[in-house]
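Two complexes are shown next, each including subunit A; its partner changes from subunit B in the first to subunit C in the second.
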Partner chain A sequence: MVEIEINGKKIEAAQGSMIIEVADQHDVRIPRFCYHKKLSVAANCRMCLVEVGDVRKPLPACATPITQGMKVFTRSKLALDAQRAVMEFLLINHPLDCPVCDQGGECELQDLAMGYGRDVSRFNLGKRAVSDHDVGPLIETEMTRCIHCTRCVRFGKEIAGLHELGVMNRGEHLEISTLVGRAITSELSGNMIDVCPVGALTSKPYRFSARAWELTQRPGIAAHDGVGSYIYAHTIHNEVKRIVPRECEALNETWVSDRDRFSYEGLYHKDRVLTPKIKRNGHWEEVNWSDALAFAAERLRAVSDTQGADALGALASPNSSCEEFYLFQKLMRGLGSAHIDHRLRQHDFSDENQFAAYPHSGVTLTELAKADVILLLGSIVRKEQPIVAHRIRMASLTGATVLVVNPLDDTFQFNVASKQIVPGGDLLLGIAKIAKALVAGSEKIKPSAAIAEFLKDITVDDTAQQQANYLKDAKQAVIFLGALALNHPQAAAIRGMADFIAQHTQTTLGLLCEGANSAGAYLMGAVPHRLPGGQNSTKQGESTQAMVLSEKINAMILLGLEAEYDLAYAHRAQKALKNMQTVIALTAYQTPHLLNYAEVILPITPSAEMAGTFVNMQGDTLAFSALTSPQGQSRPAWKILRVLANLLAIEGFDYQTLEDVQQEIAPHLTTAKPTQRWSFAAPQLELAERLRIAPVPIYAQDPLVRRATALQHTPDAAFGGVRINSAEAQALGLAQALEVLVRQQECEVRLPLVIDEHIPNGAVYLASGIPETRDLDGAYEAIYLEQVVDNHA
Partner chain B sequence: MEQLITFELTPKMRLDIDAWVNKFPPEKKSSAVIAALTIVQNQENWLSLAMMNAVADYLHMPQSAVYEVATFYSMYNLEPTGQYRIDVCTNVSCMLCGCDTIVAHLKERLNIGFGETTKDGRFTLKEVECLAACGGAPALQVDGQYHEHLTPEKVDAILARLEAKA
Partner chain C sequence: MLKHLKHWLKSFSLWELLKGMSVTLRYFFAPKVTIQYPEQKTPKSPRFRGLHALRRYENGEERCIACKLCEAVCPALAITIDSEEREDGTRRTTRYDIDLFKCVYCGLCEEACPVDSIVLTRIDDFFMDKRGDQVITKQELLTLGDKYETQIASDRAEDAKYR
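Right after this comes the complex of A and B.
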């Protein structure tokens, strides 16, 4: 600690801090443009010049470390003159277009010009103008306004890990650009809009739609991934105009992902349904709420009276709130059915009873910084959980070793020390090789009979050996199971094997579950085998897969999901739903597919238009309130479920307000970190000879983001085609083919073929959750590719 | 469009670049970027995007980082140039010492403006920042040589010599 004085006030601060940091901590405001607390110091704008006792010239506060006894004056004549002079220089080339600039009213340059600028410009020569660049559908550029602070460039290099925008040319010709005019691809790119102190980078979807001072700021929680980033919504006339990060050091720091930032556009998509509807004699009609609910109740009753409660099923989106999950399962269990699930894309449920009270990420994001080895098992983490990926990057920059075991090769924005790309989607083989290497390397590790048996025929290769060595020597390692592992047909065995490794090394195992509230779903009992609070249920219901495939369910309630996109078996699911006696969809959106299989549509509000609670993957309880009021006649699902339960005469549904529900669920919202342990059992299912690897693209994750227009125009949303490597193409006689006939079960689709050496043998990459594949089937099942025979040729 | 055209470093270029790479620690490979770009340009006369991308791949650098370097130094030609590239300084010292006359004279003699090349492909005229020859301002650089204390007559003599050489 050293003692310094700022403007005569004595302050103790840590050695090595810069003057500006200390000043910020003590609310002494020093003007700045290029300094940003999360970015490296560039000291190129010179706006932060201050007087330091005994030093003749003013010094940049952002780049001057404090020393014992230093006397700093931020408002002395010398300091102010310097700041004013810098401001005058900055304004020489800055256009005077604040009235037509979206940054107007919240512009750091405008604000400081108020304090330091002159009324009249002494510069009367021509100003510099710079042509704009198209950097994609999310960020609008107006590069004449750029003051070359390089915050955006440093953000790209240091935080996003992608050096896309750069400082091109020099001196008077300096420009911030990609030079080649390509779109920025980082999934955190929107943060450049926030760090830009001027109106050079602004939000494209928001462009010219409101002025900063007309907006109301409301705090919220982002509802797309397991982090639950803190956000602010800026609203006007009951409409969300944009989303910006709300600082939360433990979760998203000062950032949000593009998915969290731009998904709000989906709230106003034309697919939104705003009135209840029922299908009578094959025709849809709009009805009022009481008729719709009475009809729904009657249809449910009809099925349960004739076929018993076991013919009723319920599926909920993992983005539903705790309150919704709770009432949903209470309704189902009240009707006598335990068939309720939210694990929509999962294939293997065999170890569900071994799960702890809720799936946990093993470590918190803050703890992740201390990890020295991080193994990603089946995860395209950048696309699944952008903020987690960012934290892994930060850990890797401070020395953590990152290892990867994946069914396809992908680029990462951090260094990967060792990569196992397993052929044929065989993640179990990949992780088993590491286990074998560990067992072979130590007398002390005694595998269970099942593991010993499984490892018998496995041969270790160099990569697996290397990965095993890293894990063995680690002091605090983490294994993250991503979506590709969790949705894998052998997920249970993969988990068991990973847990075996974790037990015999200094490793914590964590799950990166999909959706905003998977943890909440478990805690609320929205699983067929558990009651609220994670207690085992005496009556075991069916999992998603069984509900869809068993043909035993005859009435289904859907909450916030679209079968064609959100379920693992898109085709069979739609068919099964179509064959049911009734499907009651609590949904915010209608699609032709939904209209085909549903019988009742009850319009719900997305989480932005209601209050509720999420539990994120590290067990934080995140309460949120509505950002705007519901559109049209849509209602929060908890209200609909309440009335439905009342109509069905189920006890215990006399809640008046959401607080009543919250009181009831409070005891179940345990945030204690659960102990997660899985024992290994050999997989029951063999992998298909050629396996479809079907990740859900980042902007296809849930109904809201699928309708966010700008995100849908990013390169990430473009259809990647059917991807196989050239050797496979050769073997299949597809080397020259541009199109291919894809077969799964009874479905058949013709799709473009792309040769991609990132895909290993035995695997076919074909995304799910997108229109191109909504009529196909199992995301991780056998897939057959055939040449297209064109009759017209 | 140009991005579709790929460029492969020749074995000779690789060898020369490797010599530079070996001077730096392995994780600081990118330090060789200036040398690498120079090597490619010496061979090809200029640097296309494809060439810069090839250097980026070879040194495991982001493409933007290579563009930053290539656009920063005026010694790199991002477009094909004539046989001789005349770099005239127009920075402060040279400006005070009358570079305007020199520039006007060059433009008239060659009948081209800044950034342009004569029809016969012999000369390209380029405006550059301080050549660090302020003591001899106004100054220009051509064919690897500095020429200081310029006058229109001196410029004529320089051009005559180069024309004779060509």
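Right after this comes the complex of A and C.
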């Protein structure tokens, strides 16, 4: 600790901090443009000049470390003159754009010009103008306004990990620009809008639609990934105009992913259903709420009376709130059915009884910084959980080694020390090789019989050996199972094998589940085998896939999901739903597909328009309130479920307010970190000879983001085609083909073929959750590619 | 005694009446100030603050750039603006309403406008015959601007030297 004096006030501060940090901590405001607490110090704007003790010239506060006894004056004549002069220089080339500038009213340059500038300009020569570049559908550029603070450049380099913006030329010709014609593609790119102190980088979807001073700011929680980023929504006339990050050091720091930032556009998509609808004699009609609910109750009764409660099934989106999950399962269990699930894209449920009370990420995001080895198993983490990816990157920058075992070779924004790309999607083989290397390398590790048996025929290669060595030497390692592992047909065996490794090294195993509230779903009992609070249920229900494929379910209630996009077997799911006696869809959006298989549509609000609770992947309970009121006649699902239960005469549904529900669920919302253990059993299912690897693209995760117009125009949302490597293409006789016939089960679709050497042998990359593949089937099943035979030829 | 005599004489000679008539006679010949409204009107200052108008540039382009400063400054909250990006990329209003009953004719919107778009004209005699008509829209405001542009411009020019 050293003692300094700022404006005559004595202050104790840590050695090595900069003057501006100390000043900020003690509410002494020093003007600045280029300094940002999460970015490196560039000291290029010179706005923060202050007078320091007996130094004769002013010093930049952001780049001057404090020393014992230092005397700083931020408002002395020398400091003020310097600040005023810098401001005058900055304004020489700055346009008088404020009235048309989207930053107007919240602009750091405007504010500081008011506080530190002159009232008239002495400069009367020509100002420079800089041409703009189109950098993509999310960020609007107006580079004449740029003051060259390089915050955006540093953000790209240091936080996003992609050097997409750079400084070109020098002096008067200096420009911030992307490489010629390139768009900004980072999944955190929207943060550049926030770090830019001026209106050079602004939000494209928000452009010109409101002014900062007329917006109301409401706190919320982002509902797309397991982090639950803190956000603010800026609203006007009951409409969300934009989303900005709300600082939360433990979760999203000062950032928010593009998916969380721009998904609000989906709230106003033309697909929103705003009135209840029922299908009578094959025709859809709009009805009022009481008729719709009565009809739904009657149809459910009809099925359960004739075929028993076991013919009723329920599927919920993992983005639903705890309150919704709770009432949903209470309704189903009240009707006597245990068929309820939220694990929509998973295939392997054989170890579900071994799960802890809820799936946990193993370590918290803050703890992740301490990890020295991080193994990503089946995860394209950048696209699945952008904020987690950012934290992994931060850990890797401070020395953590990142290892990857993936079924396809993707790029990461951090250094990967060792990458195992497993052929044929065989993740189990990849992780088993590491296990075998560990077993072979140590006498002490005694594998169970099942593991020993499985490892018998496995040969270790160099990469696996290297990865095993990293894990063995690690003091605090983490294995993250991503969506590709969790949705894998051999997920249970993968978990078992990963857990074996974790037990015999200093490793924590964590799951990166899809959706905003997977943990909440488990805790609320929205799984077929557990009651609220994680107790085992005496009545075991069917999992998602069994419900869809078994043909035993004859009435289905869907909560916030679209079968054609959100279920693993898109085609068979739609067919099964179509064949059911009734499908009651609680949904915010209607699509032609939904109209085809559903019988009742009850319009619900997305989480932005209701209050509720999420539990994120590290077990934090995140309560949120509505950002705007519901549109049209849509209602929060908990209200609908409550009335439906009343109509079905189920006990215990006399809630008046959401608080009543929250009181009831409070005991089940444990925040204690569960111990997660899985034992290994050899997988029952053989992998297909040629496996479809079907990750869900980042902007296809849930109904809301699929309708966010700007995000749908990013390169990430572009259809990647059917991807195989050139050797495979050769083997299939498709080397010259531009299009292929894709076959799965009984479905057949013609799609463009892309030769991509990042895909290993035995695997075909074809994304799911997108319109191009909604009529195909199993996401991790056999897939057949054939040449297109043109009838005309 | 003399006072009584004076009074008596004044009464009989109708002095008061003559005095009154002389006023009438004087005004009979004095220059007239009454005007025949609405055929005739009193002169107005170029600073007169009456009905609003939105102006255009000479090339016909509307001046307003939807900065919403007038909306923000209006003490009576009489202005309502919605904005968006027009096809050519410029910032424009999609709605510009002024409630003439809320407006207090203070002229602050005109002061705030960075492009001399919203102005208060000399028009002070306007009426509406339907409830709701007091809210005038962007189109009406632009039409007013087009109609009175010459007057608006010359008024502004005349006042310019005092600003």
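Odds and ends about this structure:
To be clear about the criterion, the second predicted complex is superposed on the first by the 792 of 793 C-alpha atoms of A that agree within 3 Å, B and C clash if a C-alpha of one lies under 4 Å from a C-alpha of the other, contacts with A are read in each partner's own complex, and residues count from 1 in each chain.
The working rule: contacts are C-beta pairs under 8 Å (C-beta built on N, C-alpha and C of every residue); 3 or more make two chains touch, one makes a residue touch a chain.
Quick caveat, the model's predicted, so the values are computed rather than measured.
Once the two complexes are laid over each other on the shared chain, residue contacts for A:162 go to subunit B alone; subunit C is not touched.
In the superposed pair of complexes, A:104 makes contact with subunit C only, with no contact to subunit B. Of the two partner chains placed by superposition, only subunit B is touched by A:170; subunit C is not.
In the superposed model, A:214 makes contact with subunit C only, not with subunit B. When the shared chain is aligned, no partner comes close enough to touch A:753: not subunit B, not subunit C. Residue contacts after overlaying the shared chain place A:432 against neither subunit B nor subunit C.
Looking at subunit A, you'll find no residue that touches subunit B in one structure and subunit C in the other. In the complex of the two chains, the subunit C residues touching subunit A come out as 65-69, 71-72, 83-85, 90-92, 114-115. By the touch criterion stated above, subunit B contacts subunit A in their complex at residues 3, 49, 62-65, 67-68, 71-72, 129. On the side of subunit A, the complex with subunit B involves touching residues 162-171, 178-180.
Residue ranges on subunit A touching subunit C, taken from their complex, read 98-100, 104, 207-211, 213-214.
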